Each structure stands twice: as C-alpha cells, then as structure tokens.
Amino acid sequence: MRLRELLESVRRSALSVDEALDRLGHLPYEDLGFAELDHHRSLRQGFPEVVMAEGKTTEQVAEIAERLAAQQDRLLITRANDDCYQIVRERLPDATYHTSARAVTLDRSGQTLHPGVAILCAGTSDLPVAEEAAVTAELMGSQTDRMYDVGVAGIHRLLDKVERIQTAKALVVVAGMEGALPSVVAGLVAAPIFAVPTSVGYGASFHGLAPLLTMLNSCAAGVAVVNIDNGFGAGYLAAVINRQSRETPSG
Amino acid sequence: MRLRELLESVRRSALSVDEALDRLGHLPYEDLGFAELDHHRSLRQGFPEVVMAEGKTTEQVAEIAERLAAQQDRLLITRANDDCYQIVRERLPDATYHTSARAVTLDRSGQTLHPGVAILCAGTSDLPVAEEAAVTAELMGSQTDRMYDVGVAGIHRLLDKVERIQTAKALVVVAGMEGALPSVVAGLVAAPIFAVPTSVGYGASFHGLAPLLTMLNSCAAGVAVVNIDNGFGAGYLAAVINRQSRETPSG
Amino acid sequence: MRLRELLESVRRSALSVDEALDRLGHLPYEDLGFAELDHHRSLRQGFPEVVMAEGKTTEQVAEIAERLAAQQDRLLITRANDDCYQIVRERLPDATYHTSARAVTLDRSGQTLHPGVAILCAGTSDLPVAEEAAVTAELMGSQTDRMYDVGVAGIHRLLDKVERIQTAKALVVVAGMEGALPSVVAGLVAAPIFAVPTSVGYGASFHGLAPLLTMLNSCAAGVAVVNIDNGFGAGYLAAVINRQSRETPSG
Amino acid sequence: MRLRELLESVRRSALSVDEALDRLGHLPYEDLGFAELDHHRSLRQGFPEVVMAEGKTTEQVAEIAERLAAQQDRLLITRANDDCYQIVRERLPDATYHTSARAVTLDRSGQTLHPGVAILCAGTSDLPVAEEAAVTAELMGSQTDRMYDVGVAGIHRLLDKVERIQTAKALVVVAGMEGALPSVVAGLVAAPIFAVPTSVGYGASFHGLAPLLTMLNSCAAGVAVVNIDNGFGAGYLAAVINRQSRETPSG
Amino acid sequence: MRLRELLESVRRSALSVDEALDRLGHLPYEDLGFAELDHHRSLRQGFPEVVMAEGKTTEQVAEIAERLAAQQDRLLITRANDDCYQIVRERLPDATYHTSARAVTLDRSGQTLHPGVAILCAGTSDLPVAEEAAVTAELMGSQTDRMYDVGVAGIHRLLDKVERIQTAKALVVVAGMEGALPSVVAGLVAAPIFAVPTSVGYGASFHGLAPLLTMLNSCAAGVAVVNIDNGFGAGYLAAVINRQSRETPSG
Amino acid sequence: MRLRELLESVRRSALSVDEALDRLGHLPYEDLGFAELDHHRSLRQGFPEVVMAEGKTTEQVAEIAERLAAQQDRLLITRANDDCYQIVRERLPDATYHTSARAVTLDRSGQTLHPGVAILCAGTSDLPVAEEAAVTAELMGSQTDRMYDVGVAGIHRLLDKVERIQTAKALVVVAGMEGALPSVVAGLVAAPIFAVPTSVGYGASFHGLAPLLTMLNSCAAGVAVVNIDNGFGAGYLAAVINRQSRETPSG
Amino acid sequence: MRLRELLESVRRSALSVDEALDRLGHLPYEDLGFAELDHHRSLRQGFPEVVMAEGKTTEQVAEIAERLAAQQDRLLITRANDDCYQIVRERLPDATYHTSARAVTLDRSGQTLHPGVAILCAGTSDLPVAEEAAVTAELMGSQTDRMYDVGVAGIHRLLDKVERIQTAKALVVVAGMEGALPSVVAGLVAAPIFAVPTSVGYGASFHGLAPLLTMLNSCAAGVAVVNIDNGFGAGYLAAVINRQSRETPSG
Amino acid sequence: MRLRELLESVRRSALSVDEALDRLGHLPYEDLGFAELDHHRSLRQGFPEVVMAEGKTTEQVAEIAERLAAQQDRLLITRANDDCYQIVRERLPDATYHTSARAVTLDRSGQTLHPGVAILCAGTSDLPVAEEAAVTAELMGSQTDRMYDVGVAGIHRLLDKVERIQTAKALVVVAGMEGALPSVVAGLVAAPIFAVPTSVGYGASFHGLAPLLTMLNSCAAGVAVVNIDNGFGAGYLAAVINRQSRETPSG
C-alpha cells in the first residue's frame, strides 16, 4: 500500500517532509485509502450493490450477478424478466425469481427476518411495485406485513387494518392514479411513511405525475416520497429504519 | 318584431313565399326569435347571469349590477373585494357582502331554501373557495350543510360526519395541496360530488395543479372536477342537481 | 358476529363496561360493523363494483367477473378487448360485448330504462369514449340519446338538436382536440354537463391535455370534467343524476 | 456610397477585377446594398417598425418614437401606459392614445381605410387584446368591424352576426379561458382567422396556455394562432391579407 | 321542405301568425334552412370536406371517400398509408397517392393552378409535413414553389432564394427542432407566413413543443402558427389567401 | 362519555343488544371513541399539532397558538413573520422567534435533546429551509448537527465532514438549483436521507422543480424527498427516526 | 462565375455603374460568392458535414455517405444501426462501425490525434451517449480519455481520477437520472465542461428532463449544456476547444 | 499546518507509521491538504469566487465583498442593484457599478485584456444579460466585441458583422422570445457558442422556456446552452476558452 510506503520513507528520512507533502498532493485518492470508504459503507449498510436489469443485456446482468455473488451472500436484481432469470439461474442455481416483483434474489446469509415493515398498496395494479418493495425489505432482513388493495375509495378496508399498520416501524405506501393513500395512512400512524407513486392509470395521471404531486403535497406530517415506480427505493429505506430501530440505543 | 311582420306580410300576400324564404335566410338570428333562447334558458335555469368582478373596474361592476338588478330578483357578484361592495351598495342598498366568500349577493326573491347540498373542505385555507360555493348554492335556492376542516390526514373528523354527508343530494368537496378528500368522500356516498381544487399551498402544489390532477384521477366513481378555485362552478352544479332532484318525476 | 357477542357478554355481565370499552378500542373496524357501510353503499348506489380490464390478465378479469356475477345481477367490465370477452363468455354465457365501447356487460336485472341522459360527441374518433359512457349509463338504468359528430366547427349540426338536448336531465359531452363542445352545449341547456376530454388528436393535443384544459376553463356555468377518456365516469354520474331526478322529492 | 465607388474604380480601371472581387468578399454586407433589403421590405409592407414599450424606459420609447416619426408617416407603440404617452406627446403632439388598447399611434398619412377586417372577442376582459389588434389593423389601412362579447356559451350572440362575419377578408378572433370561439367562427366563414389566446382567466387557464392549446387544436380548417395576448401580431396579419385581397390580381 | 310548407300555410291562412311564430320556435334548425349554411360554406370556400385517415379503418375511409366523391369534384385524404390508398383506388381508380405527403387526392375539376404559394422546410426530415401542405394547396388551386432543406444553420441557402420567396402571396414554413426558420423568412417578405412546427427531433424537442414555442414567440411580424405536423392546415390557409389575392377587389 | 353510557345501559338491561347494535351503527364515530385515535396518535408521536402561519391572519394564528399551548407543552408555528411573533408573544411570553427559520417555538417540556440528526444545505440561500428543519427536529427532542454551505461544486467542503455525517441516525439535506447534494451524501452514509428541494434560484430552476426532479431521480439508495421548501416535513421525519432509533428494540 | 463577368462588363464599359448596382441587387446570393462562405466554414472548422441516420432510409444514408466521402477525407454517421452500416460498407469498405456509439466513421486523413478531451459518464447505461461523444471527438482529431461509471453516489471513484480530469482542455460529462456529475466535476477543474443529459432512467426522469434541468441549474461555473442524448454535440465542442487550445496564440 | 506536523512527527519517530495511517484516516480533508485543491483551482482558473447579490442582504454582500477583496485582486458581484453598490463602495471605494449589467466589479490586477470574445444579443431587452456576460469576460481578461440588436428578423444586420463574428475565439449569443440567433450564428463561425436564453418576452415565452428549448434543439453544431438569464455563466466560459486559446500549446 502506497501511503504506508510513503510514511515509511518519511520515517527512514528517505523522503523529506516537503517532498512527502508534495507527493500527498498528487497521489490519487484511492491510494490514500479513501476507496475503502466504499467498502466500509457496504459493510455498514448491511446491504451490497443492487443490479437494475433494465437497460442491460441478460448476459451483462448474469455476469455482474455472478461476480457479485462471489463476494457477498445476498444479491438483488430488479426489473428482471423471466428470460433474465433463466440465464442467471444457470450460473446461480439457488437464485429465486419473484414474478410479480419482477425481481431475482439470492440469499445465502441464513439471516432471521425481523418484523417492522408494512407494505400497503391502493389497487391491484400497484402490486408489482409493492412487491418490489417487499422483496427488497425482506432481503435486507425485515419481515413485511403486506396489506394490498386498501385504496381510499373504500376507506373501511384501511380502517380494518389500523392495528397492523400501527405496529410497523416504517411503512411503504404505494398508490397510482390519485395517490391519496399515504396521506390517509399518515393520519393513523407515528412511524415514517415512504410513499411510492406508480405509473399505472391513464389520462391525467400523466404516467405517475399525478400521484407524485399528490404525495409531495401531503398535508400529513411523516410522508416522504421516492421516484415513480421505485419500489426498491422505498423498501430499502423502510428496512434501514427497521434495522436502526432495533439497534441498542447509544445514549 | 320583425319575424311577426314578415309572417303577416306573407299572410297579406304582400310577400311571396319565395321572397319570405329568401329573407328568412338573411335575417339575423335574433330577429328569428332565437335571442329568446337566452331568455328561456335563464328562466329555465332559475338563475340569472353572474358577474365576475375580477378584471373589471368597480364602476363597471356597479353599473352591470344595477342593470341586472332591474331585470331579475337575484344577483351574484363573485371575486369582489370590499371596495367593490361599497360602490355596489350605493346603488343597491340591500346587497350583502360575504367576506370570506368574496361575494356580493342580492336576493329579493323571498325564496325558501331546500336542503340537499353539502359543502366540505379539507383545510381552513380552502375556506374562501368553499364559501363561494355555499353562497352560490344558497342564492340558487339550496340550503347548504357546511363541513369544514375535514382533511384526510385526520380521517375520523370526516367519518364523524358520515350521516350528514349521506343525506346530501349533491356535494361540493374543496381541497388544496394533495386534494385527496373527494376520493375518500366518494367512497362514502351515492350522490354526485363536484371536486374543487384550490391554489393554496406551496412548492409542488404548482398553484393548484397537484390537487387538480389528484381529483381528475380519483379512483372512486361519482367525482367530477371544476377549475382551480372555481367555487362558484361547483356550487352552481350542486344547486342545479338539488333542484332537479326535487322536481316531480316525469315518467 | 363479534360485536353482538361483545354486547351480549356485557349484558350477561361476563364483561365489565371498562373491559368492553377497552376491547372496542382494539377491535378491527369490520367487527364493529363498518364493513357493512360498503354493502349499504352498493345497495344505495344501485350499482355494483366495476372491473377495469386494462392492467389485468384475462384470466384475472374472468375470475373477478364470475365472482361478482354470483352476488349481483349486473356487471360491467371496461377497457376489455375481444379476447377478454371470449374468456368471460365461457363462464358467463349471457354476457354481451360492446365493440366500440370496448365493454362487457351482464344484465340479469330485467330493469326498465328511463330516458334522461344525452350523450354527445364532437368527432367520430371520440366514439369509443362516448359509447363507454352510453353503455355505463344504460346498465345503470338510463335510456341514452346519442348525438354523435356534432363538433363546433359545423355549429348547425348541434343547433339542429337543441330540443333533444334540452330534454335531458344530465348530459355527457365528449370531445378531443380543442374540446370546445361542452361550452357551447352548456349555453343551450340547464341540466348538468359532464365533459370528457379524449386523447385522440395529435401534436399540441398532448394526449388529451388540450381538451382537458379547455373544458376546465369553460366560461359556461354547468360543466364539470372527468379524466381524459373516462367515459365510464361521466356515464356513471349522468345516470346517478337521472335516477335522482326521478325519485319522489322529500320536501 | 462605397459599392458605387468600387464599381466606378473598376470602370476607371483604378481597380482590377481581381482586386474588386477580393474587396467585395470583405465588404460588410450593408455596403453591398443589402441593408436596402430592409428599406425595400418596409416600403413593400407599407408599415414601418413598431415599438414595444414594455421593457423600455419611457425616455427610450420617446426617443425612438421621435426618430421613427422623422422618417415615416405612421407610428405604433404597443403596451404603452399613460405615462409613456405623456412623454411621447411632448415630442409628437399629434400622437393619439388608445386607452383600452394600451397603444399610442401617429398617422400623418391621410390614408383611406378599406373595410375587410373583423375583430371578435369572447369576453369583455379580452377587450384590451382585441383593441390592440383593431388599432394595429386600422393604422395599416384597414377598417375594422368590432364584434365583442360573443363567447360560445351564448352562441346566438355570434349567430346574430353571421352576415357581418362573412363579409370579412380576414378575421381576428380573441379569446381567453377555454378559447373555443375561433373554431366556431371558422365553421361559419371562408376567410382566414387569426386566433389570439389571452392570459385572462385563472386556475387551469395557466396564463393563457389553455386557450393557446385549444386554438392550435382547432378541428376547423382556416385557423392559425399567434402568441398569447399578441393582438398586434393578429391585427398585422389581418391587415396584410386585407390589403393583398384588394390588389389587382397578377394572373 | 317544411319551412316552405309552413309559410304556405300562413299564406293560405291555414295557420295563424301566432301559431306560425310558435312553430318556428320549435322547429329544428335544419328545417329552417340553416343546414344549408354548411352547403353555402362549402361552395364559398371552394373546397369540400377533408378526410383524416388516422383513427379510422381503411374500410371506413374508403366508404367516406366514395360518398364524398359522388358529390364533389375534388377529394383529399390526409395521413393515409399505402394500404388505405389501395382500398380507395378500388372504388376511385383515378385517385392519386402522394407517398411522402401520405395523402390521397382526387381531382376531376380540370382547374388551372395559379402561382403564389411558397413552401419552405428546414430539414429533409420535415419533408412529409411540407409535402402535405403542398399537396393541399395544389388541390385547392395554387401552384406551389417548394424550397426544401433551407435551415437557418446554413443561412446562405435561404438567402439564395430571396427572390422566389418574395414573389409568394402566402408562405408555408415548416421546421422541427429549433423551429427558427419562420422568423428569418418573415424578415425577408411582406406576405403572411404560416409556420408549422414538426415533431421530428429528439430530447428537448419534446415531440414538437420546442419549435411550436419558438414560432409562437417569433419576434418578426407576419407569422402565425398551426398545430404540430399540421401541414394540411397551413397549406389550406396559404391557398385561401392566394385565391383571395387573385379576386377582383370589391372596393 | 356516550359510549360508556351505552354499554352501561346494555349492562343494566335498559337497552337490548339489538337496540345497542342499531345505535352503534348510527352513533357518530367520535362517540364510539375513535376520536381518541387522534389523541393516542398525538401521544404516541410525542409531537402536537403544528400551525402554518401562511394564509392565516396573525390574530387567527395567535388564537390557535394560545389554545394549543393550553393543552400541550410544546408548540411550533411555521412560516411566521416577525409581526406574527409579536402578537403571539403577547399571549405566550415564553415563545421564541427563530428569525432565519421563520418559526415560533414554545417548549415548556424540559426535555433533553438527543444527538442523531444532521442538517446539511448546499448554499447560504437554502438556509431558511434548513433552519426550519433544524428548529422542528430540536423541538421534537433531537440535537441537530448543522453543516451549511457544503454544495457539490466544492466537494472537499463536504468530504471534510464525512465523520460528522456518518454519525447521524437521520439526515436532512437541503438544496436548490441543481439539487445534487443528497445523492452525493447518500453515497457516504447508511442512514436515511430526507431531501428538501428549495425554490431559490432562477431561470430553469422553475421555482424548485429542477432540484425536486433531481432528488427524485437520485441514483443513490436511501434518499426520500419532501415538498419544495418543506423544511418542517424533513425535520419531523428525521426526528421521528432518531427517536425510534433510541427506543429499546422489541425483538 | 457571374460576379466576375459582371465586374468585367463594368470594366469594359459594357455595363454602366448604375446598371451594375441594379443587377447586384437582384443577383442571387450564391452568384455573389456567398455560397463560398459555406466552403470556407467547412475548411475552417476542419470538420465536414455529419449525417444523422435516424429518420432516413438506409439507402438515403448510404447515398449521402458515398457522395460526401467523394469530397472529404472524413465522415461521421450518427444514430446508425448495424443494417445501416452494412449498406454503407458495400460502398465504403473502409468505414468502421462503433457498436456502442451507434456511429459509422470513415477516416482517410491519416491525422494524428492530440490529447486534451476527457469523457466522463455517470452510469453504464449512459455509455452509448458517451461513446458518441468520444467517437466524434476522435474523428475531429482529439485523443479522448474515457472515465465511465463515475457517478456521484460513489464519489471516491471520481476523486480517484482528479489528475486525469485536470489535464483535459475540455470535458464531456454525460449523466442521466439526477444528472449531478457535471456540477461535481466543475468544482475540480478549470477547463470548460459540456454536460449531456441522457434519457435513460424512469419515472420522474421524464425522458431526460430531470438531468437537463439539473445541469442547466449547475451552481458551478464552467458548465454548458447540450440537448438530451446529444453526445455528438458535446464531443464536437470539446474537440473544437481542444484544437483551439493547441493553435499558436495570435497575441 | 497540521499535515506537515504529522509528517514531521513521523520523521522524528514521535509517531509510528501505523499511528500516522490511523490519524490520516481521521483527519478532516482540509488538514490533508485537500482544501488546497480549492486554492489550486482558484489559481488555475485565474478567477476568484463570485458573489450573487440576489437573495442576500446588502450588508451580507458588502461583508463578503470586503473579505474577498482582501485576498484577491479582482471581485465580481452579480445581480446587484444600486443600493447594494452604495454599501459596497463605502468599504471598497475603487469598486465600479455597471448599471445595465447590474454588476459590481473591482479590478486591482492591472491586467491587459486580450481580444477574442464576441457578445451578441437579439434585442435591446436582452441587453442586461449580454452586459453581464461582457463584464464577466472582461474582468477575466478578455476584450469583448459587443454586437447588440442583431436579431434574426433583420438578418442583414447580422450578416454585416460576419467578419467581426468570425475573428472571435468564443461567442456569447443572448436571445429571448424565439431564441433563434445562436443557430444562425453557428452556421457562420467555427468557434464555440454559448447561448443564453432570456426571460424577456410574454405569453408562450413562459419566462424563457421557449428560447431555452430552441437553443437546446439547435440544428447547428457548436452551440451549448446555459441557464435562462445566466450571462455570467456564458461570459465565464467564453473567457476561459479565450484564455486557453492563447496559452502555448503543450504538444
């Protein structure tokens, strides 16, 4: 490692302090050890890199998947179709395909899942996005409590589930069209809500713009929003918070 | 009246049928009596012309108001400030100013108001628009049941009022920011809902675009939308339907 | 039923009032009887749940259709293609396919249709949306008077039909491109108009945004707007109002 | 003038052809006479440069106005307020202020106005834009037939004027809010229509975007659109066409 | 014809004037002869109805085409593909297909074309829209002078054609991407320019929104805009003006 | 309390079970105890209702503030100007005004603040929004570590603070203009980030739309977004998570 | 050449100066030699015309390519697929296809490439656009230093390359989704940066609108933006500047 | 300086290599010398930090200005009004105010300006933005050649200046409304063009959106775009390139 060598040269007086200062100014960052930041981060987050299959060939996805699986005990491929899974499975026979989530997972960690994440969605057509959130949170160590088809137009369906909703440490709330569900849920719980607008719908939904704006304008405190259809992002955040809420408090 | 004269000329054979046909083709529509369509319509609708004060000088508004008041027993001026009212009152001392609705009304009809219109709004800042709807509906003969500050983030406040909501023949539901209230209400009632997005709010509300899109995308059947801040339009429709629902059925 | 049991336990003194209060606070809403709200609503509205085929597999649609048909005497499936209909027909041989409306209906109610709903559209390419509105209104018990291809660029075609238009209790007006028809119609009638923008057109129509904005900005009182291409929503509202206008007035 | 001098030097053999070719390649365009294109154009168009007061100090406007008035017998200043006019009048005492058009004109040409331009507007709040069009067309030699407040929600007011409308060689049709008037007018006439959307209105008018899109999507042939509130542009085009329609045909 | 009968009844005193007045108020507009307005208009405009093939089945197009061809000596079908043409040709063997314009025409009028319409386009990919304009103008009796690929990035290509441009009575200027061509041309000519934005391009062209806005904001007087890709609309207007400019002046 | 009375009537057999069931079905929700949900929620969240001063008169704000302060030991008024504070202080002399946050707070709870919330902002003009987030989080019991003016164009300013950043349990990252800071921070930490776009900037910032879109599209996992300028919303969420991360884990 | 002839006629006195002046005013621009501007420009820029294959048939592309290759020693065809290349290769066997750049090049110039252009991209899916920039810059005589997959969410990957980045005379920085990379890079270098937003991504990326706005709002000086996906434009500018930075300074 | 001290401790063996490595890992970046990157960059760019007055109090601006002026010999304050200048002048009496550019500058460098930057603008209302660019470029050491009011609607005004335009090493082209000027200029020169859209104009200019899109879609190679009204950004880039084009080539 070059930084150690440099310091040892200084120690041996093989390098003057001025020369060392000068060289430090020109060393690439990695040699200074900052590339390890990345490694630390991955360890700390307890979750390795994720592969988005969309926009890559299945061959590329399979190769990346194989390489990652050699270094880490869990793997997530999002937006993967069945073809993609078939190629991945040839290399990683213990990979699993989650049809409605359009996701491939691999979990060799033997981890125990801990409850605390609730996943709600407004309509059945929001289900793929909700499932992407659920699969992500589970791979990150959270048990998920799925409550689907609880849209605000039939409010009693939601009110029936108040108790289950209130036990969650973090919630993912998925909705397309008018996107009103997160606001209603936020009025019933204290835990943070990650709202996911979906692109389902037609006309003035404008591919998810309508529920996106609705969610950003939520008059209820406790709602934050991720990108349209970004189930992964919401599931990830919910799992992070669920894990944080389990750690021994420092103070 | 020229049409009568023409027919009488035909009758007197002072005008041949061919000449009459030719002249009919060239007479302006009004002379044919179609301008009365307008009069009929006003009679039929039971509601005379409305004056929008915004974009007119107070003098202009006062003049139009005086002229209309000479012909009809009710008058509505919307988007009127207090200055405007002071000038109008000089000419029409029995006019009333509704501060929060920013409306001037005059009602010399002695009409009895009939219940059937409910006006809901999500937050206190939506109140001026809700009041404009209420004042309009009342001037058109409807009693209104106002339920304000029943936003979806505190859903029980709305659920408390289910019975009142369910007795309405038509509902006006006003909401800014996320605009989710009409969808929730639509799940609780059978009567038509006129949703009014408001321009209150900030940021990604984009001056009412967010609640407008939300309402257009309502997944609940029974919701139609009017322009941003158009309390008048919604109150008008609700009153029309309330009146229609009281008429003796024809079949 | 659990709520009854709880009350009977209180009556039998098997449960103290305090315990009962506590349990009531924890019972899911359904057990308290609120799920019946939904049932009541469906009864009250006289119209059962609707299935939107788009975004579901034909198998899923067929299953939902069969289940609903077991409980209710009428059924509506919107945005259904012919394939979808073929599968549905295997299970429900008395279902009907409306080609231009892209809708499947089932009506075992033997109901009599009552006149009062007019359906207008501006151009022939708006026809599928107009037909969706018409089929919806008919299944809900309204006779419909269809007036198609009466766009404003040939205003006499519309003026020819003033009488038919004026007899309606509620109107559905469908238009794409410039979307001007509802404003013109609103000047001729007293009944409420439900305007439906369509996504037909090209260029600056922006998939229906242009007629949507036109309709929201209508300078004529009496126009409310539903989502782009939402023929169902407008037909539903028109039928609700037509039915309400037939009921014996309460006051 | 330098181009003449160059040619005379060639003639006198004071300059060789090669040298002349070389110099021609380096002469600024104006010296080649192309600046006269501008002069020709101004002569041909029969209308000199126009000054838009908005975004200039009143002093700047007055100076430009004085300079232009020294060279041409007519002058138009658009978007001018009364202050601006007072300063201009000090230098050009025969200038006229058109209050509702917000325009200053000067006409020392003694021209005779020729009929052929019709100016229609939908509502009274569109009047300033319509007046800007009218004043422009008149200064360019056209008589204008103004028909104001003929919006489509009271269609008979327009139909009453069909004959006047049909005699125009070119029409300016101004409308805000829903902007439907040009389409209806286009169905009644053969002459070209210049549609002007206005920024009056509120909510989903989005400062004129709604009528702009409406007009661009007109299903009637014969409608072209200018910028929001651009009365000048439409009046200019109408006058150009009216003048062209009066010239002796070439073929 | 019913109006004649009514008048004759009045003449024969079979109908009193009062009764006649009453019946006139209830007669549909068509019976009053207003449907002939349409006929008159078509005569006056010298151009019959146009069929847009897009959004219709080829069978529908062929039927409409056949019916129209029986009544009028010219026919235009826009946005027609080759399949559509093949079906049309079976019924109308003398119809012509214009490949790049995607238009079918039929001209049995034996008319002589008169010069006066110039068609310019900025790039080769704007050609289909320019050709649609050209074919339209030609069918309406105008000779067209086509100047293609004269985009502003090579300004000399345009300047080379100044003389041809300046002889036109009306110009169609087609441009995609930045849409700057109409402004430059407007600086060179006195005749009206109909600018057509096209949807060619990518990225921030946003399907033609960029050139549309450019053209609406043209700082040169004399430019009006039609819908994105609407070559027909521009060609129609140019031909109308060219024809008007040939008529004997009335004053 | 009515629910208790009802149960006691059942117990005393003063009311039959059937009657009780019927009355339960008609009791307003509040009487059933659901209004307490609200109370529970407020207790559970450890944070009472917040007042947004914008859109209310200072008198209204002062009244609401006084009423709330009578029931709860902490109070937050957002978007309050100095005038508003002066009126509030007359009634609540121990209220504090936070100038740059434009917030009034009252804290009689004697609570100890716990570290764990980091607040970053990109530029000095984002400071008011960042301060609103900080004041909110502090009133909710979190110590905040403020790191301001650490925009990505001088990346070393951010890298200098990596250690401080990495100790946070939740981060609020505020940025206007390009809004890139949250993505960069998300690459350095494991804790959840609440990104707040601000409306500062000009031109293509479009009042905060640009940073809003940037943040929604963050390619880094762990970022969720709140409304433009909504410092309160982000500070609230960060404090909720910080508190949750301190609670004794349940499993 | 006509201009020479004209001058010689003047010289021979075969043409008077007045006649010559008159003819000069009517000669098309090309005859005056201005068409050579184009030729000069192409010489000066050291880069001939580029062909965009998209929107042309492969036959058209091949023909244009052959014709250009006859006149110039280098050729670039952008947005070309493999089919297009196969046809081009039949005519130009020494053409090369760059798969990921989707570009065909031909270089018979034997030029030496000079270092100075750096090409960075944020993610692997931005690679095609980055490669288009690289291929363009190379054909224009610049060596390129490609640094791919250096997105801001893993900032150390970028910091590792600071030295390479700082040696560039001009940089192309390509990014989709949030588009934050150019701002960060601009903080590290002095040379100009050409930012290219890409249309990769989903949801609120809105086909590249999000990164486009981000880049336009960059708070770092030294960033200019080209169209979404316009790798060619950025590579062209970088190469121009790299070449300019190598020329002997004039002052 | 701490990094030097650390190295000297290693040299004196007062610190072991392992300890040194550990401390390096915890030292803030600045102590490692990375803050000097900033200093290097500022030296290299030859231009110190710029202050944007908008959004700051004049007191704040004056303070920052004074502090910066103590460290650097040149200073630029943009978007400064006269009040701001008066306060700055009290502390920095040799500061200059550029009224139309709305900028304050201070130049104690005694630098010689080098020609090479051309600044063009389309209309007089674009002048403030053009002047901001000019003042910026001049303070950075470039002479500027200003060519104002050369909009494309009078193309000869631009063509007159071709020679001056072609001598520039970099051009700033400012335009509002339709924004077509950069494309036309790009067809005439080889040097890079920085296009600046301005927010002047009205209606469909949408505060600069129209020229922004025009410029991004320029069909001419060699155009890059900065934010709306960002004269500073364009002037900065032009000066950077002009300076680079003067440096002795390295290869």
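Just so it is clear, A, B, C, D, E, F, G and H label the chains in written order, and each chain counts residues from 1 on its own.
By our rule, a residue touches a chain if its C-beta (ideal position, glycine included) is under 8 Å from a C-beta of that chain, and two chains touch if they have at least 3 such contacts.
Treat the numbers as computed from the prediction; the structure is a model and nothing was measured.
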| item | value |
| --- | --- |
| Pair from F-H, B-F or E-H with over half of its contact pairs in common with C-D | E-H |
| B-F compared against A-F, more contacting pairs | A-F |
| Separation of mean Cα positions, subunit D and subunit A [Å, integer] | 59 |
| Length of the line joining the C-alpha centres of subunit A and subunit H, rounded to whole Å | 40 |
| Rounded Å distance, subunit B centre to subunit C centre (Cα mean) | 24 |
| Touching two or more other chains - residues of subunit D | 37, 154, 159, 162, 187-188, 203-205, 209, 212, 216-218, 227-228 |
| Interchain contacts, given as pairs of chains that touch | A-B, A-C, A-F, A-G, A-H, B-C, B-D, B-E, B-F, C-D, C-E, C-F, D-E, D-G, D-H, E-G, E-H, F-G, F-H, G-H |
| Subunit H contact footprint on subunit E (complex, rising order) | 122-123, 151-155, 159, 177-180, 183-184, 186-188, 201, 203-206, 209-211, 213-220 |
| Subunit B-facing residues of subunit E, complex | 3-4, 7-8, 10-11, 13, 17, 20-21, 24-25, 32-33, 36 |
| Touching residues (chain side subunit A, partner subunit F) in the complex | 37, 41, 44-47, 50, 114-115, 162, 169, 187-192, 194, 212, 216-218, 221-228, 232-234, 236-237, 240-241, 244-251 |
| For the subunit F and subunit H complex, residues of the former touching the latter | 124-125, 154, 156, 159-163, 200, 202-205 |
| Subunit B to subunit D touching residues, read off their complex | 26, 28-30, 34-35, 37-38, 54-56, 197, 199, 208-209, 212, 227-230 |
